[in-house]
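One chain, subunit A, appears in both complexes that follow, with subunit B as partner in the first and subunit C in the second.
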Partner chain A sequence: MAVVLSVLKTTLKKGKATHPYPRRSFDVDEYYRGRPVIKPEVCMGCGACVMACPAETISIVNDTINGIKTWEISYARCIFCARCHEVCPIDAIKLTREFELASKRKDDLKMVVKMKLARCESCKHYMMYSERQIMFVQKVLKKSLELAGAAEELSKYTMMCPTCKRNYIIRKIVAAIGGGVK
Partner chain B sequence: MLSTYRDKSVEKLGMQLREKIMRTLRRSLYVLRVDTGSCNGCEIEIFATLSPVYDLERFGVRLVISPRHADALLVTGPVTRQYRPVLENIYKMTPEPKVVIAVGACACDGGIWYNSYAVEGGVDKVIPVDVYVPGCPPHPIAILQGVLVAVGVLEQKIKKVSYEEESATRDWKLVKPLALVMYKDKPIKIPWELYRSIRLIARKYLGYLYSEKLVLDYVEAISGMRSIDELDDIVEKLSVAWKSQQARRALEEMAKVTRKYIVPAI
Partner chain C sequence: MLQMNSNNGFVSVKEIVNELKSSLPDEAIIDVRYARNNAAYVEVAREYLVDAVGTAYWKLGGYLASMIGTDDRQRDGHYRLYYVISIEEQINSIPKPWLIIYTKIPWDEPRFESVTPKVPAASWYEREVRDLLGLEPVGHPDPRRLVVPDDWPDGVYPLRKEFKFYEKPPRAPKKYEFMPKKVSEGVVQIAFGPIHAMSDEPSQFRLFVDGERIVDVDYRMYYVHRGIEKIAEERFTYNQVPFLAERVCGICGYAHSSAYCMAAETALNIDVPERAEYIRTVMLEVERLHSHMLNIGIACHLTAFDWGFMEMFRVREKAMKIAEILSGGRKTYGMNLVGGVRRDIPPDKAKKVIEMLRELRKEFKEAIEAIFSNTLFVRRCEGTGILEKHVARELSVVGPMARGSGLYRDIRYAHPYAAYRDIHVKPVVESDGDVLARIKVRAGEVLDSIDIIEHALDAMPGGPIINDGPYELRDYAEGIGYNEAPRGENVHFVVVKRDSRVHRWRVRAATYNNWPALPAMSRGYTVADFPLIVASLDPCYSCTERVIVIDVKNRKRFSTSYARLEHLSRRKSINPSASIDFSLAS
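Entry: the complex of A and B
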């Protein structure tokens, strides 16, 4: 009896331990890994997050007929490891602290971003790279190459699709050697 | 002491929610846990949901041991080959009305085992699912929200978001400029090569979480530096502030790289 009273005294002193969930929201830690969210105005569709995701839940589909690149993430398979956050070169995708993701349809767990593909300047077909990727590459070349004129020369390669690039380089090599090859 | 959480501003909302719970869950909800070959992470989080801190049982939810008594099935794990007929049987044995809740990334879509030869990949390839609770493992509060959404007390918060092509125009400016590091919304100018080496060194010693913080602290410190002799003082001050042997080793290597970078420029 005395034991019961002493336990009861401790319990009444401590109070309730339960968190009253639906009435009050739950605060998580500063570094909690919640749902990853992308900024569509920053993403350039480089595919670093696609290669880094262990569950392959991020996907990029290039529609070269209509010129649209579709980036899609599904939170159903995501394991919240933060590799996409780590690897993104321009901080487009970041992990937030949201974890209340229950959903009645799997389709609601998706996020889709669409952007335009670039056109090759010589053959006028759509390439597999987006316009923003090409602008990024040109900026990096300008900043990192010190020699004058080298950046402009290499920028010419950025606006060509791989087939046209190959033909251009072969023609240049043939012209430098001295002709005679068809 | 018993009413430590009474808060006048949400009292009315709480009473409305409580009435809704009383109306919907007129009798207790009987729940059966089904583990179709998981790593037990989600199972442990389900046990945590039933513990006194997150208490699922205050809504009248009770754990049972037989599918014949159950109203709801909490399914975890990607469905392994051996467990597939058992899961189909359990679903048939549960009497109507029933609710199926898929808990965890493996149950929702296969998780990281989605293309393995030994799993079906997701519970919805075998039985129909009503609520998906993603997470690896999901937080106990997320599981609690999943059960309440399945019963109809709460509304789901997440919706599909789709951004079309108008956001992808030619006036795209890099939000994070190439050779600049932002510290508290203020750009600090250091060359891209140096920033990259510093970031790799910090990542090697400190891992993903704290390396970003160390890089920002270091970069802010050296941008206010007037002469190269101050570098040792900066390393000393930051190591003491971080109280970590790994941080000290990382900072010493970063100082070496910085010296190699700055001296030729002078």
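Entry: the complex of A and C
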């Protein structure tokens, strides 16, 4: 009898606890860690997030023929750990509080960013870096005080593909020694 | 309840090793190496393995915490077997010593003498080593497979280094036979599972029944063996594994990831900032809160006391909300990295959590009082599924199972880690060993956990939350990590290499030590008791589909639905094997 009374008392006091979820939206906490979203206008495609992602859901593909770098995330594999947000050097990934991802089309779970690849200044081929990446490197070089003198020379290197860079340096060394290159 | 730290009368692991040395011949012990956390790695000759483990287990008062086989053929042409033993009895000082007895097995002679006849707790571990590494435990009483599927070909061993994680060997004919300990006339087999409830993994039970009484239980598990250890070895670096580790379990994920992190930190000699250790402690206790409440709710559900189930889940929702505030997700995932944690607990969050805890404590106390004042519920659980203390000791049972059977075992108390070095925990122990005792242990621990969280949030030191290196990586650096998950201790063992790859990672979840006790718990009870007994082991309850009843003699088979079994369990009001005054239970 005592049980019945205490059960009744609690039940009447607390009322209905079930949330009518799909009919009414569910408010998550302000600290909730939802799906990460890319800011396409900021991302430079450095790939830090690709390396850090434990679920291997972010990928980067360089198309050096058409000059396009494609960054892609698939939320189907995303585990909402926010490692990408943590490692991004330029805060290009924004965390949201979204958690409702269900969809009938698989493509809805994808987010793709395309950016231009930079051209090598000497051979005019596309390099594996995006234009924004090179701008970022040049900015870092400028800020670096120790390199103040060499910064200009070094930022020249940033605009060359690895092969041209190698040739350029070899030429410089040979010129310094005083020989000739055919 | 809580006591502040006082470490006097410390027994070092050196004394334990000397004791072990004195009871074995001189040539038995080859090498001794001391490590962090009061641990010693003792290499014994292969011929003396059984003696060494037996002595440590029975004479020195040890419990088998884990056993690991590694494929070190590329390192020095051997396999290694590590028996991780926690020396707990007869020692009053804290932290208690860890004894890790290991032996080398030459690559061309993959055999060792089984420890199981002397230490029954080693049974599963040795079967697993046989399945995954092809090391034959000579003299093991159970020749059947444990881990690899029934149609797995002979001679293919997944954890050997030449086997790649994406390989799919051809199927072989199935072979597996359920067997009771004793075969007798008129015993009927009931298949229970494999797709069913009450555990993280689908597992098939075979109940041998005489009438309605269970004579024996046999089981077949590992239907969802995901090869997580293999994936970690081949694809992950040591700092990515925490995200995989927390997916070992759906409920105690945080316990697994922090046990892994602790193992890696021990291996690489990384010091974790104090604040990170406090945050880990808070998270571990939050996990215990919601897990224990879930289990108490399920016990109510299985005894047809659905109000208790609903009320527990309503109260539990607060614990889930706390987890959401602290970790950013209801499942306490994504918090750990090797070296510390990723999310801080700022004062405003802490304040909010403490307020919620106050409400939670009040509501939980009211609910549990109502549940325990329900005589029908109490009588149904009383005297059901008794696990004798000596059986629990033999099988190294852990967690609320061990504490419900009167064993004074709690890894937070025996081997304090993280903030438990400052906050002492006194284990909640009940001596009856039945389902009710286990529920009482869990209820007591919920209240303790609330105290611990409040205390840890209050006393949390300042400073950084992560020590992100650079770390000094060594080749074949070994470390063990452990913590008290809601179901008992989780023990992780990891070997890291210099290229930041994981050479071997061994996960030992709490339930691994508890399952082998199931036959001993179920013998003599009825089929309707079985779901309650399994649930009191605290596996997850999700999706039992159906039960097949097989009459062995006539080869007849008929099915009953899961709903019918659940109904049987719920309809049964009291346990007739307990002495009850029926006049009260009307």
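Keep in mind that, in the parts below, the second predicted complex is superposed on the first by the 168 of 182 C-alpha atoms of A that agree within 3 Å, B and C clash if a C-alpha of one lies under 4 Å from a C-alpha of the other, contacts with A are read in each partner's own complex, and residues count from 1 in each chain.
One rule holds for everything that comes next: a residue touches a chain if its C-beta (ideal position, glycine included) is under 8 Å from a C-beta of that chain, and two chains touch if they have at least 3 such contacts.
Only a predicted model underlies this, so the values are computations on that prediction, with no experimental measurement involved.
With the two structures aligned on subunit A, subunit B clashes with subunit C.
In the superposition on chain A, contact of A:C123 is made with neither subunit B nor subunit C. When the two structures are aligned on the shared chain, A:A150 is found in touch with neither subunit B nor subunit C. Once the two complexes are laid over each other on the shared chain, residue contacts for A:F80 go to subunit B and to subunit C alike.
Of the two partner chains placed around the shared chain by superposition, subunit B and subunit C are both touched by A:V28. More residues of subunit A are in touch with B than with the other of subunit B and subunit C. Applying the stated contact rule after C-alpha superposition, one finds that A:V174 touches neither subunit B nor subunit C. Legend: residue contacts after superposition of the two complexes on their common chain; A:V61 is shown touching neither subunit B nor subunit C.
Touch criterion met: A:V7 reaches subunit C, while subunit B stays clear of it. Using the contact criterion defined above for the overlaid structures, shared-chain residue A:A17 touches subunit B and also reaches subunit C. Shared interface residues of subunit A, touching subunit B in one complex and subunit C in the other, are 14, 17, 28, 31, 54-55, 79-80, 82, 86. Those residues of subunit C whose C-beta lies close enough to touch subunit A in the complex are 236, 240, 243-244, 307, 310-311, 314, 317, 321, 324-329, 333-334, 342, 349, 366-367, 369-370, 373-375. If you check the complex, the residues on subunit A that touch subunit B are 12-24, 26, 28, 31, 39-42, 44, 54-57, 68, 74-80, 82, 86, 90-91, 99-116, 130-132, 135-136, 139-140, 143-144. Note for the complex: subunit A touches subunit C at residues 2-3, 6-7, 10-11, 14, 17, 28-29, 31-33, 54-55, 79-83, 86. Interface residues of subunit B, counted against subunit A in their complex, comprise 1-2, 4-5, 7, 10, 13-14, 17, 52-55, 58, 105, 108-112, 114-115, 122, 124, 130-136, 138-139, 141-142, 144-146, 148-149, 153-154, 156-165, 167-168, 170, 172, 174-176, 178-179, 192, 208-209.
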